[in-house]
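You will see two complexes here that share subunit A, one where it goes with subunit B and one where it goes with subunit C.
Entry: the complex of A and B
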């Protein structure tokens, strides 16, 4: 394998590694901008991944699978949004509930649907095909567009202004006639739908498998990415790129004798985290969350 | 006033009745729990004096035909279990899974197979307990031990070693078995270990010969977390690869270049995406056989191998993966060369059986080390017949599979590889059973065996001697 081929492989690997992180992070940024915290990303990814496999296998059409994943995410977002925005429930508790439900529900679902505990591998026809020529997923391209679109939506449109106003000062927004609850609910649905896309990407694009812990912590890394990125979609893309790159690079160089001789493996497993932290912390400095994030808004 | 008193007295009556009921119940409960372990505790005392019983342990295993634990035996003529539940033994067994849990594709699922087989054969009730985090080990084990309802509590996984040690001290009358953990000195703890190095040597030899047959420059192994149990896999695999090379050279008379051996610890047992990326890295560096020692992370290994083969327009390897723990050949038929079967089911079954023998007074020591290798049927390389057994399990569970298609594909894949290679692997299995002094690159297999349990320095030394990059 030539050096060039290896570099191309690592770049391709990076596009896969970063996609679920960025998608979930963008979604979370959007709903946190509207003041709703959703720590259930891991759970949403898991449930959506599961539903994507179910739908893709039933229809043997991966795109229906992807749609099912997005729809599942949106539905969970609807529940979370309703609990937090309308019922003024605690955001953390509700998110935690999603994660716990996913852990149990998917483990049970796999057994209920396929009669096997813990894992299932759907047939090849259920897999989202890569783009021609290069080994890159169409969902990666979609992700880039979503990042740009979300950025535009957030900073250049009146919808974005409403979303940010609700997250910064819901009272003021309310006074000028913004329906705070509705904006929050819709933002949460959008955010969770993107996370659902991330889940579908994991289960029927990057891999063709569903296991009961499929995201393996990616939901939480995405949450961290939101903070690192200072609640900015473009920075989240950059952070995801960094993390994905070092994550992939780490897996590659761990196999090389020269590297093995110098760096212990355990240290190498921390490289993506350290590198991302260092770079993002250095670039951004102090991050500032939306002022009213995570607090239920009650009209006086 | 009188109404109040009457009211008080009637509620007092009810209160007294309830309290009496609770006290009676508690006494009855304690009488029940005290009675059973008491008989045990006397035997515990006698048994501490006789310590060197490990040899008998292996003998009892050897008498147990390995076929008893093949799970589909319930339908085929199965040997009726010789052990019955003695009246003094509790009527339940418990299996505690570690954080990997059921559905790791192999390890814990195999433990379940063995336990459910034992519960069926001996008429015991099986209770499964899942640990969510490492902090759950102690409370889970404690609450099971406290109840005293269990003939034996089986902890599945190395990670639970310390917790079992501690709880075994707290409840000296409760029998424990730990799979993959090393607790040599407790009379109430049976440590079930597997000679993974033996099984790994077999798949290593296969990998070495197949890699040369397809003219590949490298072979690889993708591992999970870096824990000492995995060193045994590594050592056996590397040794097997070099042995296979040697055999290949002799058989073909070709002048061959030694294979590069690639290895990586992904640090996770639950992340298939990581397994896929790690495998892609190894395939790009020329590996055409990758050994999965990574639990559910291994799903990604299979996927990467399949994708790489399909990218070259093949519907079969090379590249190949090698499965681990259970027979994984069916997961991606045609791309999984064989599996190193670690018969955790045999281990769990044997532990239950041993507990019952102990309660019956047929053996006077339960604890110790139980090492299951090729000879005892504790490890093996998968055969097409095993595949049929495993597919039957999957079918029983309700999984939709095309059994004949899978078996045909695996058979076809196996026939692509020269017959003599498979025969050499079988020959090595026989050799290791009788003469572990076979030497490769100046390293006898028995030397590796003697070094076990391996630590970080010893595995480094083994890597160095076998021409594997150290780390």
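Entry: the complex of A and C
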């Protein structure tokens, strides 16, 4: 392989590896800005990934598959948002519930739909096609646009002002007539829908497979990314890029015979985490979460 | 002028935890007046106004605005009817700019800088629009709140104890603004328990006590004694009897103390003084002249850069608060929300904060003995006449004044030798103030040393055996209160040293280097 080919490989690999992380992190940043914590990202990716395969395979239309993934995410967001914003339930418990349900539900679903244990590969017609010429997913392009759009929404519009106010001091929003619960619910739906898109990207685009380990911890990495990024969409894009790059690099080095002999693979797998942590910790320093995040807002 | 604009009929409010805050209140406000809503801590003033502004829903009762029956489901509905409220603990987003706070919740097209600037021009309420709220002093934040409401075309403006955190000058400015707004036809509801203020700015007064209306009057016909009696339900002694002090040993000595503020500037500049057992030593002065930093340095919450603090004969400079407590220091902090209480914890839990390691509260497995703790909390509640739903209720559910009483009760239950009290009666009603002042004198008579820091000059004059006036980190003089005239104290608060004043020379402001 030529040097140039290798570089292109790594760049392309990075665009894939970062997409699901950034999508989920942006979504979570949005709902945490509104004060709602959703630790169920892993579960949402898994269920959405599953639904995306089911829909894409049934219609042989990957576009419908992506829509199904997004809709599934939004629906789970609706439930989580309703429990946390309106019923004032515990954010962590509800999120944990999503993760637990996803594990059991999807394992069962795979067997029920395809009659196999644990692993299914959709046909090629169900896969999201790459862009012409370069090997990059259209969802990657969409992700970039979503980052920019979300950033604009949060910082440049009156909607964003409401969202951030609700996460900082819901009472202040309340007294000027902002409907705190509705803002929180909508933000949670938006956040979970993006995570649903990440799930669809995993199952019918990048990996083109569904297993019950589909997200492989990406939901939790995305949660960490929210913190690293200091709740800023643009920084999350940067953090995702770093992580994707180190991850791809790690995969690549891992497969070199010379290295394989010396360093155990499991140790190699920690590279992207440690490298990202080091860079990000050095760059960002102390992060400050939205002041009222994770706490149910009760008026009386 | 006499048309009734707000009419609340037979309002009852029972909180979800069973607290009955309002027991059938009838409340009436006329168009274009400044109406005072007077009442003790926990009387239900805030609750009644939160109902009027749509933040709480009444358990029963009816509301009429300009004769039309309304039932608000949210603050936005009340705002549509022109009703807006400025809250006791201002409702602003600290991390936002003033401008962002003002336009929050409005659709993008209704947010206009020019219009806000014009409004500021017209009303004389000036604020820096691009500064972060967290960097602004309290008085300015309050102006932002008022502009926020005026910008929403509020006709009925509710202000909940707006003067609690204001300096005397800011208070004057606020009153000026209120009168100005009245001239422009706004109706203002002014909540307070300060008699002097209610007499100064209002046209009519409604007095609440324990969830009931106990009096209505025109301000012109009211006297302080009569209002105090209505509020408290009995005669109030406005003057406190005090036996002469019998000072003993110096138990708290401060030597050449230098302390910096959060910005790294010198806030306390070489102070030296001693507080004796059996006396109250008062520190007066306009707020922000280093009093906060001084108290924090003495109580172990802020670094001492230079100098010494000696407590009960031991050098305790830069020691931790828990060590200081063990040596007999207790601290009634000025900001009860930041330092005094954990609002989400129960009354019981709050009642043992800082003393939770005491043997009597701990079982053999280092488990907390809740029965003993609840009893401890109940004793404080009874002794200090705290109105609380129970020992297991969160501190948040107590009214502002009762929260303060809880802090004072806890600190004094530690049986201290030296008490540092910073603004101990801020936000308290007449009865609670009287109670706490008497208590401090009682502690003094028992031979404790009290260091009292207060922006309330009356309080300092009434309680102190010796007093100092602080200006820009220095004492302008130390004297007995009876040796000073009000005029002299005023000059000292403005930066003239006592020697200069008594020497009769033309006063020169003290060098503020």
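Basically, the second predicted complex is superposed on the first by the 288 of 300 C-alpha atoms of A that agree within 3 Å, B and C clash if a C-alpha of one lies under 4 Å from a C-alpha of the other, contacts with A are read in each partner's own complex, and residues count from 1 in each chain.
To be clear about the criterion, contacts are C-beta pairs under 8 Å (C-beta built on N, C-alpha and C of every residue); 3 or more make two chains touch, one makes a residue touch a chain.
Worth saying up front: this structure is predicted, and the values here are computed from it rather than measured.
**Q** Which holds for A:17: it touches subunit B only (first), subunit C only (second), both, or neither?
**A** After superposition on chain A, A:17 lies in contact with subunit B alone.
**Q** Once the shared chain is lined up, is A:264 touching subunit B (first), subunit C (second), both, or neither of them?
**A** A:264 contacts subunit B only, not subunit C.
**Q** Regarding the shared-chain residue A:4, is it in contact with subunit B (first), subunit C (second), both, or neither?
**A** In the superposition, A:4 touches no partner, neither subunit B nor subunit C.
**Q** Which partner does A:209 reach: the first (subunit B), the second (subunit C), both, or neither?
**A** A:209 sits against subunit B, while subunit C stays out of touch.
**Q** Quick one: is A:133 in contact with subunit B, with subunit C, with both, or with neither? Answer first, second, both or neither.
**A** A:133 sits against neither subunit B nor subunit C.
**Q** Give the label of whichever partner, subunit B or subunit C, reaches more residues of subunit A.
**A** Here the partner covering more residues of subunit A is B.
**Q** On the A-aligned overlay, A:251 touches which partner chain: subunit B = first, subunit C = second, or both, or neither?
**A** A:251: touches subunit B, not subunit C.
**Q** Is A:118 contacted by the first partner subunit B, the second partner subunit C, both or neither?
**A** first
**Q** Who does A:145 touch here: subunit B (first), subunit C (second), both, or neither?
**A** neither
**Q** Give the list of subunit A residues in touch with subunit B in this complex.
**A** Contacts found on subunit A: 1, 5-6, 9, 13, 16-17, 107, 110, 114-119, 121, 202, 206-209, 211-214, 216-217, 247-248, 251-252, 254-257, 260-261, 264-266, 269.
**Q** Could you pull out which subunit A residues touch subunit C in their complex?
**A** 157-158, 161-162, 164-165, 168-169, 171-179, 291, 299-300
**Q** Enumerate the contact residues on subunit B facing subunit A in the complex.
**A** Listed in rising order, the residues are 101-105, 109, 112, 220, 226, 262-268, 270-274, 276-278, 280-282, 284-286, 296, 299-300, 302-303, 331-332, 394, 397-400, 469-471.
**Q** Across the complex, what residues on subunit C touch subunit A?
**A** That would be residues 15-16, 53, 55-56, 74-79, 84-85, 87, 91-96, 100-101, 103-108, 111, 148, 152 of subunit C.
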